[in-house]
Structures are given as structure tokens and as C-alpha cells.
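In what comes next, subunit A is part of two complexes: it sits with subunit B in the first one and with subunit C in the second one.
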Partner chain A sequence: MKPIFGLLAMAAIAFAMPAFAADTLYADMGGQAVIDRLVDVSVDNYLADDRIKTIFDESNMDRIRAEFKVQFCQVAGGPCVYTGHDMTAAHKGLHLTNADFNAVVEDLQAAMNTCDIPFRVQNRFLARLAPYQHQVVTR
Partner chain B sequence: MKNILPALLLLASCGAALAADPAHTVIQSGRAFHPAEVSINRGEALTFTNNDEFIHQIFVDGLFDSDERSPGENLTENFTQSGTFEVHCHIHPKMKLIVHVK
Partner chain C sequence: MRFRFGASILAGFLLSTPAMADDQSRPMVNFDEGRLLATGGVSAVEGEGGGGLAPWALITGYGTRDGVGVTVHHTYVGLPDYQLLTPGIAVGLFDRLELSYAWQAFDTEATGAALKLGQGFTFHQNIFGAKLKLIGDAVYDQDSWLPQIAIGLQHKENDRGAIIAAVGGKASVGTDYYLAATKLFLAESLLTSVALRATKANQFGILGFGGDRHDIYSAQLETSAAFLFSRKFAVGGEFRTKPNNLGVAREDAAFDIFAAYFLNKDLSLTAAYVDLGNIVLHDHQDGGYLSLQAGL
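Coming up: the complex of A and B.
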């Protein structure tokens, strides 16, 4: 009975999760205009954050902003297609820690508040970013 | 025999230059070019070896703009015009290489 219950639970979760075609997160966040603003505000937060700002010392910030805008759009289920390098390759040399990742998330949450993205929508977006932690944190 | 010896020495020196070719290789490491300045002859090529932990690319304004290269990969660019050129990386703007093409 237990295995059947497990399968039923998984099926229930699968049905409860929005299918790609019915993905509303991109629209719920406010579309590309809000995502573009969210990236600009969050990057400004990173550069002002003493905990992580040195990570970006050697980087082309215009390029990073442009790539984030495409990537956030795709993660939110929008019409963009991110064609950059995978997260592991892009972050390998930075030797990021969990503390770095958590600081990035905090700054992103602050930016979402600034952009008036509703709390429940914020959580849906953060849930989609969470799997990247294992790809970018290397120490 | 006296005439053959200089010719052999010349051939040997050319062979050594082609084999080592240090003047035509630039290493990318620590988000910098090594060396930071090189001199080559017009028509010669530079090979860029990415020995870094980061992805790099190279460009010279108005001359070329390369694809990105992962660690461990090489790329080669020909310099067909004389002059002094600044090579940069779009990803890491502080990287700068001066190339003197004679």
C-alpha cells in the first residue's frame, strides 16, 4: 500500500504543478519590463553589498545584466532562450560559498520587494532558482 | 663543407623557432594575458591558450571579435595589419594585451 500511496502522491504533485503551457509565473512577475527592472535593481544591490561586491570586480557588468535578463525570463517561463554557458562553467573560477549564494538571494529578495513583486510570486521564482545553488557553489 | 654548415645552422635555428614558438603564444590565466605585451611581424598569428578557471574571448575594436573559449581551449588570430593593437576580453574588461605588429 505504501508504494501505491507514494505513486499517488507523486501523481498528485505532478498534476498540482503547473504544466509548461499553463505557466503563469512570467506574467505574474509582470513580464519582461519588470524582469528587466528586477535585474537592474538586484545587480545594483550586489554591487553595493560588501559581502559579495568583490565577486564582480573583474566582470563586464553590462554583459552580466544582459545575460541575467534573458536567464530570468527563461526561468520564469517567458519567451526567452538563454544561450550562454551553463552555470557550473560560468561560476567555476569564482569559488563561491553558500554564504555568497545566500547573500545573492537576500539581495534578490530585496530587489523583488522594490519591484513590488508579490511575496507568493517571489517564492515561486526563488524555488526555480534554488537548484542552481549546487551548480554555482563550489566550496 | 664551409658553405653547407651555415645552411644547416640556419635550418636548425628555423626548426627550433617553429617548434617552440614562444613569441606567438599568449596565456590567459588569473584573468590576465601573459605576457601583457608582444611583438610580431605582419601576417603572423597569435595563439591564445586559456589556462584559466574562467571562460574568455578576445577582441580588437574594428578588427576581430572571437567566440568564447572554455578553460583548456585555444584560439588563433592572424594580424594582417601593421600597427599597435589592444586586445581585450568582453567578459573581463580589465584584461589587456598590447600587440605590436611590425
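Coming up: the complex of A and C.
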């Protein structure tokens, strides 16, 4: 019995390991310097994109850039705590569509290319952002 | 004629969609192309949105839930002893419902002469498809294990009833039903899909439906996996089991290895190596698969 129990415990630990593995995404993206640049490039892309630029007509872009830099850091697993608007409140009343959300994704992807973030690292980051669709898209 | 008939049904449906748009401030038919590149899949051999051999739960084209997408495709499969040509058209409505039509021409080449049917004897098939997305979103739901799930059907009409009866087939018309679950594991850059199909089809319906050995629906498994190398380029494989209804000819499972290149949301090209196993008289029917999809 005892050896079997030990084996089971080891198996359980082995299965649980990925959950405790170090979150390397922040470092893999290039740390805060790259994330700051990524936010600036992506926001520039949004404001140059005819599909979505009017969304930001009433926005304080300096504050949005600052909030994105902290939020992206936290989402990537970096040493930041985002204390800005929650996603539901921030997008309330904007009546954003899936097409709007996806346009933002495409502009962010282009920005990640500009920042030389590898494709597979991009996808790991996008996988963490994708569920925000549920809070952002309201129509 | 049949092809034009099918196309005009789809065109008619498309033109009637304005009545379904409720927001007067937006275009009546909104071809928004608002979904992300490659998230409509490609056109499968039976005309639905999917991989090459298997249906996916994704709705074809790039229309969001506020829009409509249309794809047309042409697919060529070259085998040692046979050739399949199949053009088709499909409409994705509001990222919810997909309607498709494909026409297949299966050329028996020299085998037709050997079977006393005549050199180049060709089976034709109309395939009318419908697919309804039930639950889940393959792309957005990255925080959940729930895949995108859809149900679908394919109604197939074969024009060679007499030959089908002669080889032991029970019907020249048949309907397949399927349940498909598709999940993008975005953090792993991996797309996977599983479908269960209830079917009586012999060789996709090209040899009719039901046979002397079995004339009942059976459940078949169709799976796909694709690795995304970039936003535009994916490489993967598929496996599809098939019934074995006819006494005159064994039927094998099919598999393929494919590469799909998405030039943009309007054009994609899929090239594959496909192995369909035995097809009447001839084992090892493996060869090239080439499919071009254009979209709105």
C-alpha cells in the first residue's frame, strides 16, 4: 500500500507542477520596456485605424496609455497591480461589437510584430486577453 | 443545371437576409469581415467550413454575429486511379448558421473502362449542408475548456442510382448528421476539432448509401489538429473513419496532412497529402489535394 500511495502522491505532484511553474510570459515578451513600447505602438495603431479610432474620441489618451502599461504588465504576469477601471465599467455605453474587439486584436498583433515579440509568445499573451471579450463586447 | 439551382437557392437566401437585420442605422447585409484571420477554417471536401476531410464547429467566412460571410471554393483531389473535382459555395449567417452547397464530380478514369462503365465514367453528387453553432466560442473562451460546439447535416444526391444498386448500394440519396466540437488552444498555437458523424454513405456518398453488408446509420469519428506557425500559415493532419457497407469493396479510414496559407480574409490555399485507402478495385488511393477558397 505505502509504495502505491507514494507513487500516487508523486503523480499528483507531477500533474500539479505546471500550475506552480514560473510564469515566464512577462520575461518572454521582453519585460516592461517592451510592454511600454507595445502599448504606445498599439494605441497609435488604434488611433490610426478608421474602424475603431472614434471609440477613443472622448478618452484621455495619456491616462489610457498609462493604465494599459500597468494592465498588460499584470496580465503578462509581471510585478504590477492594476488598479484602474474594471473592464466592464471601462467599456460600458460604448456598444462595442465583436468586429470592434477583433480590430483591436489585429492592431495589437501588428504592434507585437513591430516590437519583435515572437508569434507563439504573442498567442500566449492573446490567450489571456481573449476572455475580456465577454466584458468588452456589449452589443 | 443542378449546380445553378443550388447556387440560386443560396443567392436567394442571401438576398432575403435584409429582413433579418433589425438595426436601420447599419447596412442591411453587413459583410463585416470582422472575425480574425483563419478563424473560419477552410472549405472541407463536402463544402462545409472545416478542415479538408472533417467538419469544424466554426462558421465559414469572416462574418461576426452582426454580419454575413460568403465563401466559394474549388477543390481538386488527384488519386492514382481516380480524380475528384468539387466546387462549392457557403454562407455564414451571424456567426451562427452556415448553409453550404457543393457539387462533386468523381471521375473513374480507366477504372470505369475496367468495370465496363466506360472510360472516364463519372459519378456526380449534390451536397446541401447546414450547420448550427450551439454553444461556446473557439477563440474567445480561452479561460474555459468548453469548445465551440455545432450540429450539422449534409443532404447528398448522387446521379448514378443504377450503378449504385448494381454494386449493392441501397440508395442514391442520403443524409449525414454530425456533431462537431472545435477548440483553439491559443496559448499553444494549436487548433483541435472532433466530429461524430451518423452516416450510411459509401465513399462519402459517391457509391451511394447503405449496402448489402449494412444498411443502418453508423457513428464515425472525424478529427483534426492544426498547428499555427504564423497568423497566415497552419499545418495539420486529419483522420476520418468511414462505414464499410458494401460487399464488393472494402472501405478504409481516410487521413490527410495539410498546409493552409491564408493570404488574407479573401483568399486561402490549402494543399494536402491525402490517403483514402481502398476505393473499388484499387488499394492505396493516396495523392494530392488542392483547395482554393475565396471569400467576401
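Observations
The working rule: the second predicted complex is superposed on the first by the 118 of 139 C-alpha atoms of A that agree within 3 Å, B and C clash if a C-alpha of one lies under 4 Å from a C-alpha of the other, contacts with A are read in each partner's own complex, and residues count from 1 in each chain.
Here is the rule we use: contacts are C-beta pairs under 8 Å (C-beta built on N, C-alpha and C of every residue); 3 or more make two chains touch, one makes a residue touch a chain.
Computed from a prediction, not measured in an experiment: that's the story for all the values here.
Of the two partner chains placed around the shared chain by superposition, subunit B is the only one that A:89 touches, whereas subunit C remains out of contact.
Judged by the touch definition given at the top, the superposed model places A:58 against subunit B, while subunit C stays out of reach. In the superposed model, A:133 lies in contact with subunit C only, and not with subunit B. When the two complexes are overlaid on their common chain A, residue A:69 makes contact with neither subunit B nor subunit C.
More residues of subunit A are in touch with C than with the other of subunit B and subunit C.
Under the contact criterion defined above, no residue of subunit A touches both subunit B in one complex and subunit C in the other. Only residues 58-60, 63, 85, 89-90, 92-93 of subunit A touch subunit B when the two sit together in their complex. Across the complex, subunit C meets subunit A through its residues 32, 34-36, 64-67, 95, 137, 139-144, 186-189, 228-231.
Within the complex formed with subunit C, the subunit A residues making contact are 97-99, 102-103, 105-106, 109, 119-120, 123-124, 126-128, 130-131, 133-134, 139. Every residue of subunit B that touches subunit A in the complex is listed here, in rising order: 31, 52-55, 68, 70-71, 90-94.
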